Every structure is written in C-alpha cells, then in structure tokens.
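One structure is given below, represented as structure tokens, and several questions about it will come after.
Labels run A, B and C following the written order; every chain starts at residue 1.
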Amino acid sequence: MITEIASSELPAGDAALLDALNGAYAAALDSQNWQGWIDLFTPDCSYAVYSLENVDAGLPLGYMIDDRHERLVDRVKFITEVWATTIEAYRTRHGIPRVATTRDADGTYRVRANVLVGYTESNGTPGMLVCGYYDDVVRMTADGPRFVRRTVYLDGTPARYLAYPL
Amino acid sequence: MITEIASSELPAGDAALLDALNGAYAAALDSQNWQGWIDLFTPDCSYAVYSLENVDAGLPLGYMIDDRHERLVDRVKFITEVWATTIEAYRTRHGIPRVATTRDADGTYRVRANVLVGYTESNGTPGMLVCGYYDDVVRMTADGPRFVRRTVYLDGTPARYLAYPL
Amino acid sequence: MITEIASSELPAGDAALLDALNGAYAAALDSQNWQGWIDLFTPDCSYAVYSLENVDAGLPLGYMIDDRHERLVDRVKFITEVWATTIEAYRTRHGIPRVATTRDADGTYRVRANVLVGYTESNGTPGMLVCGYYDDVVRMTADGPRFVRRTVYLDGTPARYLAYPL
C-alpha cells in the first residue's frame, strides 16, 4: 500500500543506494549525459512515459514506449543525430523524492518517486515542465542498483514538447 | 535553532522513518487516498494551514484548522461527498524536503520540512500550487511515525482555491 | 563521473550530515536568517552564482562572486542595511536534492545537488525563481559539515532580480 511506511524495513544501505540511483538519474539527464542515462538501466529493461489522462481512460498511448534496451539506444541516437539540428533545446532540472518502497521476495525493489521537473528554454526564465511520478522496478546488481523498469506517469500535459527522456 | 544541523544526533533509522513518513504523506495526498492521509495522524492530532501573511500580521485566520482527529474525517467527507460534484478537480505532486529535526526529551520529534506542490488542472500544463513549509510534531508509534501536529505555513496565495489538504 | 553512484561508498552517517547541511542551508535562507547562512561556510570559503549561459560561452561574469568569507558578511550587510528600504522583498523556498557525491583523499566531499527555488512576492501566487545546481566542496568540521566552496549554476534567467543569495 502506498501509505505503508515500508522504508522502516529497508536496510539503510539499500535506501541510500535507491536515493543515489535517482540522484544519478537526475544528474545524467540534466547534464544531457545520455550514455550515463542508458547505463542506469539493466540489459532487460523497459522505459515508458504515459499521461495519467490516458491511463485513466484505458488508452494505451504513451509519450515514449521503449520496450527494450535497444530502444533507449535508439532514443539517444535520435536526440544526438537525427533530431540534432531541429530540436529546440531546453535545460531540465529534476527533483525526484522517493515516496514509497517495497522489497519483493527475490530482493528486487518496487519504488515510487514523485517527479517535478523545472526547465528553461533559450536562457529564459524557468518554469515547470512536468509533474508526475515514477513507478519503478529496481534490481541490485554488482555495479549498483539499476532500473529493470521505469515508468513515468504525467499529471497533465508537458509545458512544451518533450525532446528528451524524463 | 534552524541552522543547527541537529540531524547529526538523529539515529539513522529514525531519520529514514521521518523521511518515509513525508513520502507516505505525499503519496497518499497525490493519489487522493484520503483514508491513507488520515491514517498518518495520531488519534490526538491537529492539522492546520495558515498563510505567513496572516501569521506575520498576528491574525488567527487559516485556510484549514482541524483541531482534532474528527475534523480530518469531516474534511474527507466534504471532499468525497459534500463537494464531490462541485469541486473543480486537480492533481497535486508534493516535494517535501526535510530541513531541520530536533528530538524532545520524551522521544517526540519536532520536524521542519519545506514543501513545493506542483499541480495540474483538466489535464493542462503544470504549475506551482503553493510553496511553504511544514512545522510538525511526530511521535514514534508501534505502527511507525505519525503526526501529532502538522501545521502548514504558506508563502503567499495558492495558485487556485484549495479543495484538498496539503 | 556524474552517473557513478558514489554514495554506495559513503558512510551512512556522512550522507545524513550532507543532507542535513543542505536542509539547514535551505532553512536559513528561506527564513532570511542571514547569520545562519554565513555560519554554514568555513572561514576560508568562497560562494558564487553563475549562469550556465555565461559558463558555456566562457564568460567570467557572475550574479554573485564572494571570493572570501568577508564578502558574505558584506552581502548580508547590503541586504539588511544598505538595500533595506529599496529591495522589493520576496519569500523563497528551496528544494535541494543531492545528486552526486564523491570523497577526496583528504576526507573533503565534492557534492552536487540540484536546486529548484519557488518564490512569492507581495503575498501573490507562487512561481519558480530559478532552476540549476550546486557544485560544492564540503569539509567535515568539529561543528559539523561546512561549505568550503559553494558554486551555483543557473539554468537560465531568474524570474526576477536576485536580492538574496541562493
């Protein structure tokens, strides 16, 4: 349950690692370090961005649906090569507070984190790009925690078109 | 004192529990899980929302003043039954970074946390609903940490009328 | 590297202290407790605020460049005495999620944290003042962690002129 304070059962070291994973995720995206972003997912990962409006209406549409690792690589190729000269660039700054954590029998973590993303275009004034939450499956690997599945649910419509992952 | 880094004396497990409490609080409100919200307060609790403008002027007015547990139940009844067809609904997303923590002699915690709430209406673009801070008294119970008192101080005027607790 | 989840090697107590330092920093600034702000820096500190636009262009201009401790004291004197009657006041509320942490051989920490600052003027509605990140050098002292160097990089242009440090 969302309101269960499951972190009480979290080993403290694992809680710190889960927070560090979200920190590294924010740092990678906000630095436009795309390979660093990919490196935070497992080889068998999936990544998707949906609006809650569509989810509530039972519609399968998503802003981004990367059902396997290769599609993350494709996404980065699009950003850095295909769209490179056409994207209207913007900077992002992620705040990702973890709000619920449970551990499965196999040691995998199910994590929910809110997300508020500030953004700026053309060195203008900042605004709110999106609000929403992450619903994640995280595996502890020899290299640290990694996303097996990261799904983003957006509260409404982004303030501008999304060129970069969230 | 606010600038005292009192967390240095916090047992690490308690710090994690206090953060998990704010996480559960955010998750409950942002999911509109109202019973989950109520469950995070003790039976002898109080909850209130004031503007700093009124506080600074010495005025006792508040946006919400729930001086005992039954009023939280009433508040939920209003949201889900009385106002149900008239509220212009909106989604919220809370960021609640803990900024100061002290422990009283009886083991109760006094906690201060900033709050920035993003919101969206009618699947529109996101904005900032309120900024402010929580001034809390938290008791460690057998079920985990619970709010004995949660008081919200708002920096200015909410971006729209408040239908839901913060 | 930014995407390295270096916190895995952080002693848990130090991680909590670094987060408490950012908490105390937010609480001091957002309460306009200027002496409390100064007290979080070492005697040999520096503090500066730059826009990423200037940094990317190789320009040395900054919003604030306090190259030694005395300049922080001067800054506070300007706010509280020189500008006191002319500043158009505003309230701030900082969210400072830590995103990367490494420890140097001498025990000093290099810390990166995102920053999203909400603000309100004249008891109006809230907005986003700045987005950006902190690049910090933190020393563990007998009084707790303190900033040896705090540099703020802003994503774009602040929503209004900056009267107070960030």
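Remarks
Following the convention adopted for this analysis, a residue touches a chain if its C-beta (ideal position, glycine included) is under 8 Å from a C-beta of that chain, and two chains touch if they have at least 3 such contacts.
These figures come from a predicted structure and were not determined experimentally.
Think of chain B turning onto chain C: fitted on CA atoms, that turn is 120 degrees, to the nearest 5.
Both copies, chain A and chain B, contribute mostly unmatched positions to the interface they share, with under half of the numbers common to the two. Separating the centre of chain A from that of chain B, both taken as means of CA atoms, is a distance of 26 Å.
In chain C, 12, 95, 97, 116, 128 are the positions where the chain touches two or more neighbouring chains simultaneously.
Interface of chain C with chain A (complex): residues 1-8, 10, 12, 15, 51-53, 95, 97-101, 112, 114-116, 128-133, 155-159.
Residues 12-13, 16-17, 19-21, 23-24, 26-28, 30-31, 33, 36-37, 39-40, 91, 93-97, 116, 118-128, 144-145 of chain A are the ones touching chain C in the complex.
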